[in-house]
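Sharing a structure with you now.
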Amino acid sequence: MRLVTAIIKPFKLDAVKEALRTLGVQGMTVSEVQGFGRQRGHTEVYRGTEYTIDFVPKIRVEVATDDATAGAVVQAIADAARTEKIGDGKVWVVAIEDVMRIRTGEMGHDAL
Amino acid sequence: MDTGNTAFVLAAAGLVLFMTPGLAFFYGGMVRSKNVLGMLMQNFFAMGLVSVLWVLFVFSLAFGKDAGGGFVGGLGFAGLKGLGNVNLALPGYSGAAALSIPPLAFVAFQLMFAVITPALITGAIADRMRFAAYAVFIGLWVVLVYAPVAHWVFSPTGWLFKRGALDFAGGTVVHINAGIAALALVIVIGKRRGWPSEVMPPHSLPLTLLGTGILWFGWFGFNAGSSLKADGVAAQALINTHMAAAAAMLGWLIVERVKDGHATTLGAASGAVAGLVAITPCAGYVGALPAVAIGGVTGAACFLAIQLKFRFGYDDALDVVGVHLAGGIVGSLLLGLFASKAINSAGADGLFFGGGLDLFGKQLLAVGATLVWSFVISFILAKVIDATIGLRVPPDDEAQGLDLTQHAETGYAYGDLGMGRIGS
Amino acid sequence: MDTGNTAFVLAAAGLVLFMTPGLAFFYGGMVRSKNVLGMLMQNFFAMGLVSVLWVLFVFSLAFGKDAGGGFVGGLGFAGLKGLGNVNLALPGYSGAAALSIPPLAFVAFQLMFAVITPALITGAIADRMRFAAYAVFIGLWVVLVYAPVAHWVFSPTGWLFKRGALDFAGGTVVHINAGIAALALVIVIGKRRGWPSEVMPPHSLPLTLLGTGILWFGWFGFNAGSSLKADGVAAQALINTHMAAAAAMLGWLIVERVKDGHATTLGAASGAVAGLVAITPCAGYVGALPAVAIGGVTGAACFLAIQLKFRFGYDDALDVVGVHLAGGIVGSLLLGLFASKAINSAGADGLFFGGGLDLFGKQLLAVGATLVWSFVISFILAKVIDATIGLRVPPDDEAQGLDLTQHAETGYAYGDLGMGRIGS
Amino acid sequence: MDTGNTAFVLAAAGLVLFMTPGLAFFYGGMVRSKNVLGMLMQNFFAMGLVSVLWVLFVFSLAFGKDAGGGFVGGLGFAGLKGLGNVNLALPGYSGAAALSIPPLAFVAFQLMFAVITPALITGAIADRMRFAAYAVFIGLWVVLVYAPVAHWVFSPTGWLFKRGALDFAGGTVVHINAGIAALALVIVIGKRRGWPSEVMPPHSLPLTLLGTGILWFGWFGFNAGSSLKADGVAAQALINTHMAAAAAMLGWLIVERVKDGHATTLGAASGAVAGLVAITPCAGYVGALPAVAIGGVTGAACFLAIQLKFRFGYDDALDVVGVHLAGGIVGSLLLGLFASKAINSAGADGLFFGGGLDLFGKQLLAVGATLVWSFVISFILAKVIDATIGLRVPPDDEAQGLDLTQHAETGYAYGDLGMGRIGS
Amino acid sequence: MRLVTAIIKPFKLDAVKEALRTLGVQGMTVSEVQGFGRQRGHTEVYRGTEYTIDFVPKIRVEVATDDATAGAVVQAIADAARTEKIGDGKVWVVAIEDVMRIRTGEMGHDAL
Amino acid sequence: MRLVTAIIKPFKLDAVKEALRTLGVQGMTVSEVQGFGRQRGHTEVYRGTEYTIDFVPKIRVEVATDDATAGAVVQAIADAARTEKIGDGKVWVVAIEDVMRIRTGEMGHDAL
């Protein structure tokens, strides 16, 4: 099994979600993160003092999936999240030894 | 001078001043958090800019000696010249209408109306207007739109006042005026990116309810204070104001519950404000039960009115048109039915109180005149500013939010991520 | 009519109106964020429903011509009939007690008391009551409980008033009345799931402190306004109100610091409110130093009183019983000791001022009568509503929170997760 | 007794009371979220402690029969003895200056000034002061600093008052007094850890803007109420207060926009408050246009003044020195130029109105005397408390925040992480 | 070593924490996430407009553990988090090459 | 490729960020988490009721990196985040099969 993790731009979440849905992915977990990278942050000014914020709000999307579909998942996410502007983010894949669905105790493929 | 009346009007001026921050929070809670400061700033800034213009010459345009035709006042009171004299009688305020308060108390009270009226517009153009363009717009708007309309309706020397049109506290001058200007402005500035397909939920309904509470409270000063005396009319206006807000809240919630299955807190807040809008022109001219009726009708009517933007495709972001324009029209016209001289001898009798359609006709005229003038001038102003400074922020700035792009600030920093560095 | 007194009472009415939103924030900050709108809504809704009932007939039940025995007023003032006449004398308000303000100013002022009293109950039943059941409960409650008790104590034709029981601004009518009703209601509705083992911390103490500030401010109108004149008694009532809040804050913080090792902001807020509750019946009848004493005692007493719910196992979520019932009783009885005719000739002398136990006895009677009537009727109402509509939300809804399940809204949306879709 | 004036002053007292919570939110929004309760608590606590001290004996020190030399009042009014008598004339308030309100109304109004003045200091020592040390400091400070200075300037029997120095509502007594005390305290307590290299952004600008709105509203009571009559001077003071806030907002924003490229909401709020500070001593003595000038100058001046702390390295966290000290001095001295007897016959003519430098000299004296006394005593107090109780929280507590370490609370709990257990 | 990641219902966090404690687990890291899956979200209404939210608040629990105890950790979490209602969540296991305790620089087992 | 995950004290984030920058790391993703471990939490009191919070606010830092630099990244983070007081946190390393830069579709090393 594989765990696909993607860091995307927040406003792309819906597009990514729909892309995964159409791919038949049944579930995913998302969270708010802050990214540092090529994309510049922004500056703020409070009473004359300038602050530079290097981090940019991003969304992390995690999808546990079969080895077989992992590649398709990566591709679907990337295609949906791409704006071709700096800061589109990353996708990486990690091997997972096993998954369990807590409710039923099912393991592996059936747990997804 | 009567100390009781003076105390009353000064307190009322304070209450109306407090309404503008209240409006800022009412609106601010409804926008997404990336735009909350943009909204608050637009409202607070009106307290700064409009006030200065008011004392410089706008008060004089509105309440100065009529410059002819009851259309606008002269510049005799520019810089509040001579108004420090407590015995000065303002043009038209003589005889039965003579003021028993220092002229400056009247100036201050009316000033607060001039501040909040353009501020009402901010709800419609939320999330996309350049701050500089906004500043220029409201500055010109109070001069070219607010001042004349206030003169027409509020000043005893104004042409609509003379014709007998009634507006106790600003149904036409404040709410219809701002509401139709908001419509003109949204037509020119266009829709928010993503509207109506994208979800744009309120970021803090408690903030919106705070604004609602402050508005309700301040509205007592707005309406009861408009009696300019601490008398029976003021008491009637205060209780009517409260009853219309209460009944409109119920009216809105009932329709909402039937249509959507839930009575929402945003609905309660919206209904209350709609009722306050509708009762504004009527407050000192109708009885308490009519106030309940006016409120109930308005609450239901405005809930339906806010759906029109989807039908016609104008992005009135926070429903200034649906609440202030619609509510202001409903109230101004219902006054033609419910007004009663038994309540206020300085008023008139509406259709239901033996006055026939005479008053209703005058109300129609006042509504129509305000609609036309305000829409036309506001539309031209918007077009001119758009062609020069540009009304709208660039798409990327709109996506990032007004707080960062217009004001270089963020509304909230709750987290533990101390992510900044001093200096650029 | 006196313009100064009229200005004063109208301003006071506004201040008391503002207290209900204040109460909403005071309570709203203390609940978990999933229930904040449920709490705010219950309070704002009272401003809608109770107000309409008040003008329709509840004012008449409370202050109309006595229907016999000083138990309840008649329906003569239903729809505020005839009250627009500024020279009308309300039943019992004659001679020395004659009002120098328009009757509608009095109606408006008293209306705000009727609104906030049932709203006080919301703190006890937080997080678990169905909105529909709440609406029905408070509607019936103002008619069957509030109106008669207000008549007994506030109306000069009421049986407790006639007996000489004193209640300057509502120790019995407002606080004991709401507090004991809250107890009846929590007994019937039962505990929140997970209470007391589960942690349910306040979600926003700044919101609670905002409510505290608004309540403190508004309470000046509540108590000083109850003089119905801008006179020395009003000044005494205002300073007493402030001193009791201040002293009770200190009293609570000291006990808290000793017992738990910390002086907390929630403690400061709770103590101040407890002091405001206790001084309510006493405000215009005692001196400033007694006010400090009453406040100090109450602050400490209420801190201890709120622990009782753990002993007896009733889930008074936000301590309405511990603060309003306990504080109201302490204040109403201490008045029997501290009242002084030197402060207010219309009052009486308490035990410490040569009046013996006479007044104390009357106070006991008023407290007892209020406790019995309010508890019994409230308990029956709760049982009947529970058996019909059902008082309580289903367990899953309680877990998900009132905001989503009762109102289909969420209080806050700070994050970047734009997770919704339009339409279902 | 005049009911209008009494209603006015009682309402004003309420407005000034409301300013302290307003100040709490104004400051509270500017600190990081881990310190928000610490800030709110310091302000609310002043409402408790200072009020009790005031009625016990501090009012008497400030306004009691002069104990000699116009330096301080005697203890004759300790416990507000005899002040319940509405016909009592307070020392010096006779003839033209005779009060037409109950003495207790005056006591209550002045009490609110005594509460907010030490509260102003909290902004400077934000995030690092032990709560116990704070409590002791302000308790001693109102006795040793506030009471005498109030006597000098406000009491007609005070030495500076007698010399003809003017301070309508507290430029010296309130703002310079608190501002210079804040400077003394920050010098002794030292910088926040990490200042100025570490980023410490405001955690909630909407909260700060809420405070701003409340302060602006309340300041009408502060300044107009200081007329102690609902008259033309009160009206002038109210409109001046508003105009100075408005103009200072614009002044600050313009300089900010030029220097930093953005007009910020925090700048709008800061500018408005700066203008309110500067107009405080002038409110009832100058005309509306001078008020605009005073505001505009102050807005720009204070924006520059807040940069001084970086130059000189004192950590005036939220710019109490930059806004209240600087603004207070600017206003008190500009009064020497803009005062006009045409506005207020009880005032004087400044340089621009034919009065020469006479008034300016008196203003300089009042400013200087306040600066010296307040700085010296505050500095000694701070040193003594530091040597005994200790002014400052331990470094780890400062890192964790005042909310948890001083009050065992957290400001906000929005998340889903129900992470606590009952009991320790 | 293994990294056990669990997505659970928020109100189950205390139970899971206690279960892990009794198992002798010395530490864990938790965070707020939003889940998409079989469990339906909810709808909201603002001024007559209906919004559907597909995501459900969840808690992520991460435990770094020895290979030996990994299985027991998975089981303990699953048992504690199970309500047998849809939405109980998932547990997955990933191999980690090494762990360091920052304070001491200890690696592997000693770092836990 | 490797994914280095570190749990650190919030006020150490800037130091860690700078350390990684000097190491030439081009990007990272951070998020707020709550930690449970040897470091004690704190207690709160509301109206006389004491609550104990076992969790401590932490920051998670994630860096995808080459196998070669992974060790250096771990060391740099640890050195920058160390205070030698309990609660400094953990760093762990997981193998990732591949990384993609969404914007360009680049894989592996070029994606970082």
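As written, the chains take the letters A, B, C, D, E and F, and residue 1 is the first residue of each chain.
One rule holds in what follows: a residue touches a chain if its C-beta (ideal position, glycine included) is under 8 Å from a C-beta of that chain, and two chains touch if they have at least 3 such contacts.
These numbers were taken from a predicted model, which means no experiment stands behind them.
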Winner on C-beta contact pairs when A-D is weighed against D-F: D-F
Residue-number overlap at the subunit B/subunit D interface, same or different (half cut): different
Rounded Å distance between subunit B and subunit C, as computed from the means of their C-alpha atoms: 33
Centroid distance [mean C-alpha coordinates] between subunit F and subunit E, Å: 17
Inter-chain centre distance, subunit B versus subunit F - centres from mean C-alpha coordinates, in Å: 51
Numbers and ranges of subunit E residues touching at least 2 other chains: 11, 30-32, 34, 44-46, 49-51, 54-55, 94-95
Two or more partner chains touched - positions in subunit C: 2-5, 7-8, 11, 196, 199, 201-202, 204, 210, 214, 260-262, 264, 266, 408-410, 412, 414, 417-422
Touching residues on subunit F, where the partner in the complex is subunit E: 2, 6-8, 31-38, 54-55, 58, 60, 74, 77-78, 81-95
Residue ranges of subunit E in contact with subunit B within the complex: 44-51
Contacting residues of subunit E [partner subunit F, same complex]: 1, 3, 17, 26-31, 64, 94-103, 105, 111
Subunit C residues within the subunit E interface of the complex: 399-400, 404, 408-410, 417, 419-424
Parts of subunit C lying in touch with subunit D, wherever the complex brings them together: 2-5, 7-8, 11, 15, 32-33, 196-199, 201-206, 209-210, 212-214, 216-217, 220-221, 224, 229-232, 234-236, 238-239, 242-243, 245-247, 249-250, 253, 260-266, 268-269, 271-272, 287-289, 292, 342-343, 412, 414
